[in-house]
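So, here's a batch of structures to check.
Each of the next two complexes has chain A plus one more chain, namely chain B in the first and chain C in the second.
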Partner chain A sequence: MTHLQRSKTLRWLCTLATAAALVIVLFPVYAVIVGSFESTQTLFSGTYYWLPHGATLDNYRTVIQAQSGHVLTSLIVGVGTAVLALIVAAPAAYALAKYRLRVTVILVSSLLVCQIVPSIVLATSLFIVFHWTHLVNSYPGLIIADGTYAIPFAILVLRAFFFSLPNEVMQAARVDGASEWQTFHRIVVPLARSAVITVAVFAFLSGWGDFIFALTILSGSGIEPITLGIYTYLGNYSTDWGAVMASGVFAMVPAGVMLVAAQRYIASGLTAGSVVG
Partner chain B sequence: MHLTAWRRRQIAGWLFLTPAIAYILFAFALPIVYNVMLSFEETSPATIGDFTAPFAGLANYRFILNDPTSTAAIVHTFEFTAGSLFGQFVIGFALALLFTVRFPGRTLGRSLVIIPWLIPLFVTGVIFKFLFQLEGGAVNQLLVDVGLARHPIDWLDNPHLALWTLLIANIWLGVPFFTLLLYSALQDVPVEVKEAALMDGAGPWQRLRLVIVPIILPVIEVTFLLGFVFTVKVFDLVIALTGGGPANATQLITTWSYNLSFQQFSFGQGAALNNVLLLLAVICAPLYLLLSRDSLRRSSGAAR
Partner chain C sequence: MKILTRSRRGLAALAAATIAVTGLSQVNAFAATKITLTEEDYFNTPGQLSGLASYTKQFEAAHPGVTVKRQYVPFANLDTKLLTQATGHDLPNLLAVDNPFVSTMISTGQVVPMSGMKGFSTKGYYPAVINEGLSNGKYYSLPVAGANSIALIYNIAMLKAAHVNPPKTWAQLVSAAKALTTPKRYGIALTCEAAEDTTWQWEPFFWSNGGKGTFANVASAPGVQALSLWKQLVTDGSASKACLNWSQTPAASSQFIAGKAAMMVNGPWNFPTLNLNHMYYGKQFGIVPVPVRVPGQHVVVPLGGEDWMISNSAGSAAQQLAFEYIKGMQTPAQELKLAKAFGYLPGKIAVAKTYLKQVGPEWKVYIDQTLYARPRTLGLGVKYPKISQAVWTAIQAALSGSQSVQAALKTAQSQINTILKS
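What follows is the complex of A and B.
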């Protein structure tokens, strides 16, 4: 075999391997979407149908009636988490990157440690602390708890970005008589737009998809995000698969939107979050 | 009185930091300290409304050591974590290497492979529960149709299998993380190094083992460490997929701690088990600090 032929074969093998990997990656997503349109009879027939087997909107009818409130709740929590993450993280990241402060090293190290702390540890204590501070069963309580996923990450990513901004930008603003705050929010934040979007996307997804804090901090109150809504469908003995699949599709929508609209930010964010300065 | 510019900037810097410091104290420091306190308290359903309960000494820790489910949960957590990291690394690294080759479909593959990572963990658990059902599950249907199994396999309700099922689901969702990090590290390996190895007549396996792996080793270390930290925390997936069952066969530290605190209302015992988990995480902290500093220095020196 010539060298050229061999590299051509190799390339086709690579394509084949990628196709196989994508089948495994995409099949579960495909199965939920198809399942969400199947009738109860089909889902409980004891046979799995690889291709759509009749189509019905019944599951969506059930779910829209029962879950639209939950979708709204998840949206509020997701947006709230993103807003909280930006308010807390952006100024802090800026100070940690551009001001020579004595706490910088301690604070950056403790942020790294914060990322490591398991959510169940926080949830157990926060449940009682929130009882005490009247934050149980409330949006602010849940958003504060969900911020624990996003905020340390947000500060570290934004800080890495602010590092790359030349100091001259801020000096020019100061010479023009801008205050420290004006320099930050009129000059620095707009320049950091892509990093801010990355952080907001991540914070939104973490609030939207949160389960553990919703499960522990909202105990049987009116507030119920979509993940908890799905949980109630998973009975001990029988699961309403049609409704589960249809609400699962709803729960995956933001991820799908982000994949199309903000892909560049997601990939860069994932890498940035793990290599920190 | 006029403040000097330096003074003014110090004050501004501290003001910028205030919300973050307040947040860290309230949402991280307070719960961690309080968790330690709780683990020495004799909590009961009646004391939940109170901030403190009677002192219990080491009773909660003694309970954890003597409770078969707690010790099993600790063992499961180690098995689950080791298995996940192994699977995620092998598959993730293979995919990362694959994507460094130029071939049709490479860009599409690279962008779609991150999908598992975007789906809420809880939803992933639910989907796998659907796929691994005894009757009418896609996995059993495939195995029986192809002839690999004569009867449907009880993936979720067989105590000997359930942890494996959980492992498969967790590997599926964790591979993208390994792939992306290792892929970006492979991108940073200088072309000259690879060419030089090729000139010296090194085969593909030798190039990988003797040239590429040593260069990206710092990133591999950080990835493993972060993978470890993520995996010992896994909770949503387990609750959705198995709920810790059957017969506590998939009970991990996180899920059993939840059960102790929120279902049996023994917050003190839950907190003691939490501290075992916290200890595992805290052991990683200095390593992580050291490694992330190291890998940053090297990668910024190499290609960027």
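What follows is the complex of A and C.
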């Protein structure tokens, strides 16, 4: 086998593996989309239909009317989480990457530890703290709660990227008379664009997809994200699976659009810091 | 280091800003002179929603200045949420909980007894209904819209075509289910998912057969016989093995409605959906009590439904007002109205009799058996959910074939003994 042939076979194998992975990952999404056009009776008929059987738009009629407000709430929470994560994480990551602090090791490992704690444990204690500080039932409360996951992750990713920036860039800026803050937000942040976008997207998604914090922190304030909204259809005496599926699809659209738009940056953002140890 | 200080300053500013914002909303709340009662529940069917909303409207009209603010919490999460709120001493004024959870709420110490409140009375209720909230001689709860239970619902045409009568005993149930099974349908749709409704479905079989309310004898004859019955239905092919994933509603009920099962054990909350699918009592479906092992045994069903509780998060005036809200629902007229909207049985014996005349014969079996019904937490309190889990785990193990009926129940028994002793 020549070298060319071998690389060709390898490429085929890779494509095949990717295709298989894609099928596994996308099948649930496909099933949700098909289900969203079917009635609950059809869903439980015991036969799986590859294309919607007795297709109906009823589910969407129910859902779009009831859930549009919730999607808006989720957008606010998602964007809020992304902004908060960037405001806190970008300077923190920069400091942890570029300054030799005594506590760096402790700080970085505690950031990792933060992500081990299950959110339900955090939610309960946050509820008590927020109750004292009157943050329950508010957007800021929910956004800060969602930040507990988004921020540590953002710091770790951004720190890896800032490591890879050559120190000479910053030194040059300083020679030109830039203050540290100016160097950071005029030079470093623009250079880190793809990492910043990656982090923002992941922070957005953690706010967008959060259920536990929203459930714990919100009650009776009229603020209700789509993740809670979906549960309107899951009850003790009746469950409208068709509507659950349609809400799922409805909730996928904005996040999906954003991910596709940011895709280019995400790939480079995630790999950016990887060459530096 | 400079950067760190700056970002810290930024954080401080952010914190100050949020406190300022929330502080403002606080002022607004105090400026208002009206009283708001907060309420949490998991009701989501159209009947439940409209029934509750119309009562609230009526209550608000009768109490000027009072607003009742309802918060829906998903069924699967209400218990967790209430416990979290109890930890923070921030429960809503009114809470509607599933009756097995009443004892747990009492144990938090954050709910107040109703027995001491002005106008409280236990008169006329079914013992099983009123005793759900009984703890240390005090009553902590009253029913929301009454109670519910389960019975055997069967497809009249299918039974006629197979020449079988509605089963009264287990032997008849086994042979009827077999006769009703065709390549296109099963004789009966069982519910055996890993959840409370599986234990709840099995309880009438176990309890009617001499099983103890505390499940202390689950691995003895009553339990072994009851679980062997279910096992036989599955091994005969009369019940689908897929039941390991089925909830009673909508999974098992959808099988029945779609004609894929000739019988199911289920409750009156299915009537609206059945009617919607052109199935009516006496024409398309009939109802008999859950079959017993030998003729003459009493059918003991578990009692379902939700109960109101009042939290101590507000002062006594608000607590009394919350009680007024609940009390207003306990008049015969309101009971009838709400039971109809919810698809429940009224909680009082006399009202249930009137109800039967108004709503029709499909309720008869459910109403008759309520006298022998049992609240699930009676004598168990907060231990019930754990015991229930041991039971449904055993049911799943036996039906999936991973353990024999005896072995599965023995495992459950040793877990239950530990729980009962604790």
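Descriptive notes on the structure:
The rule we apply is simple: the second predicted complex is superposed on the first by the 217 of 277 C-alpha atoms of A that agree within 3 Å, B and C clash if a C-alpha of one lies under 4 Å from a C-alpha of the other, contacts with A are read in each partner's own complex, and residues count from 1 in each chain.
By definition in this document, a residue touches a chain if its C-beta (ideal position, glycine included) is under 8 Å from a C-beta of that chain, and two chains touch if they have at least 3 such contacts.
Just so it is clear, the structure is predicted and the values come from calculations on it, not from any experiment.
Contacts of A:37 after superposition: neither chain B nor chain C is touched.
By the touch criterion defined above, A:118 reaches chain B but does not reach chain C.
Using the contact criterion defined above for the overlaid structures, shared-chain residue A:232 touches chain C, although it does not reach chain B.
When the two structures are aligned on the shared chain, A:138 is found in touch with chain C, with no touch to chain B. In the superposed model, A:162 makes contact with neither chain B nor chain C. Taking chain A as the reference, the larger set of touched residues comes from B, when chain B and chain C are compared. Once the two complexes are laid over each other on the shared chain, residue contacts for A:213 go to neither chain B nor chain C.
Of the two partner chains placed by the overlay, only chain B lies in contact with A:151; chain C stays clear of it. In the superposition on chain A, A:22 makes contact with chain B only, not with chain C.
Judged by the touch definition given at the top, the superposed model places A:45 against both chain B and chain C. In the superposition on chain A, chain A positions 43-46, 87-88, 91-92, 94-95, 99, 101, 120, 123-124, 127-128, 131, 144, 180-181, 184, 215-216, 231, 234, 239, 241 are in contact with chain B in one complex as well as with chain C in the other.
Contact residues on chain B toward chain A in their complex (touch as defined above): 8-10, 12-17, 19-21, 23-24, 26-28, 30-32, 34-35, 38, 48-49, 51, 95, 98, 101-106, 108-109, 111-124, 126-131, 135-138, 140-141, 172, 177, 180-181, 184, 219, 222-223, 226, 229, 232-233, 235-236, 239-240, 253-254, 257-258, 261-262, 267, 270-271, 274-275, 277-278, 281-282, 284-285, 288-289, 292, 295-296, 299. Chain contact summary for the complex, chain C toward chain A: residues 1-4, 6-7, 10-11, 14, 18-19, 21-23, 25-26, 38, 40, 42-45, 48, 69-77, 80-81, 84-85, 87-90, 92, 98, 242, 247, 249-251, 254-255, 257-258, 260, 269, 273, 277, 343.
If you check the complex, the residues on chain A that touch chain B are 10-12, 14-15, 17-19, 21-22, 24-29, 31-32, 35, 43-48, 50, 87-89, 91-92, 94-96, 99, 101, 103, 107, 109-129, 131-132, 144-145, 147-148, 151, 155, 180-181, 184, 205, 208-212, 215-216, 227, 230-231, 234, 239, 241, 244-245, 248, 251-252, 255, 258-259, 263, 266-267, 270-271, 274-277.
Of all residues in chain A, only 40-41, 43-46, 87-88, 91-92, 94-95, 99, 101, 120, 123-124, 127-128, 131, 133-136, 138, 140, 144, 180-181, 184, 215-216, 219-220, 228, 231-239, 241 touch chain C in the complex they form.
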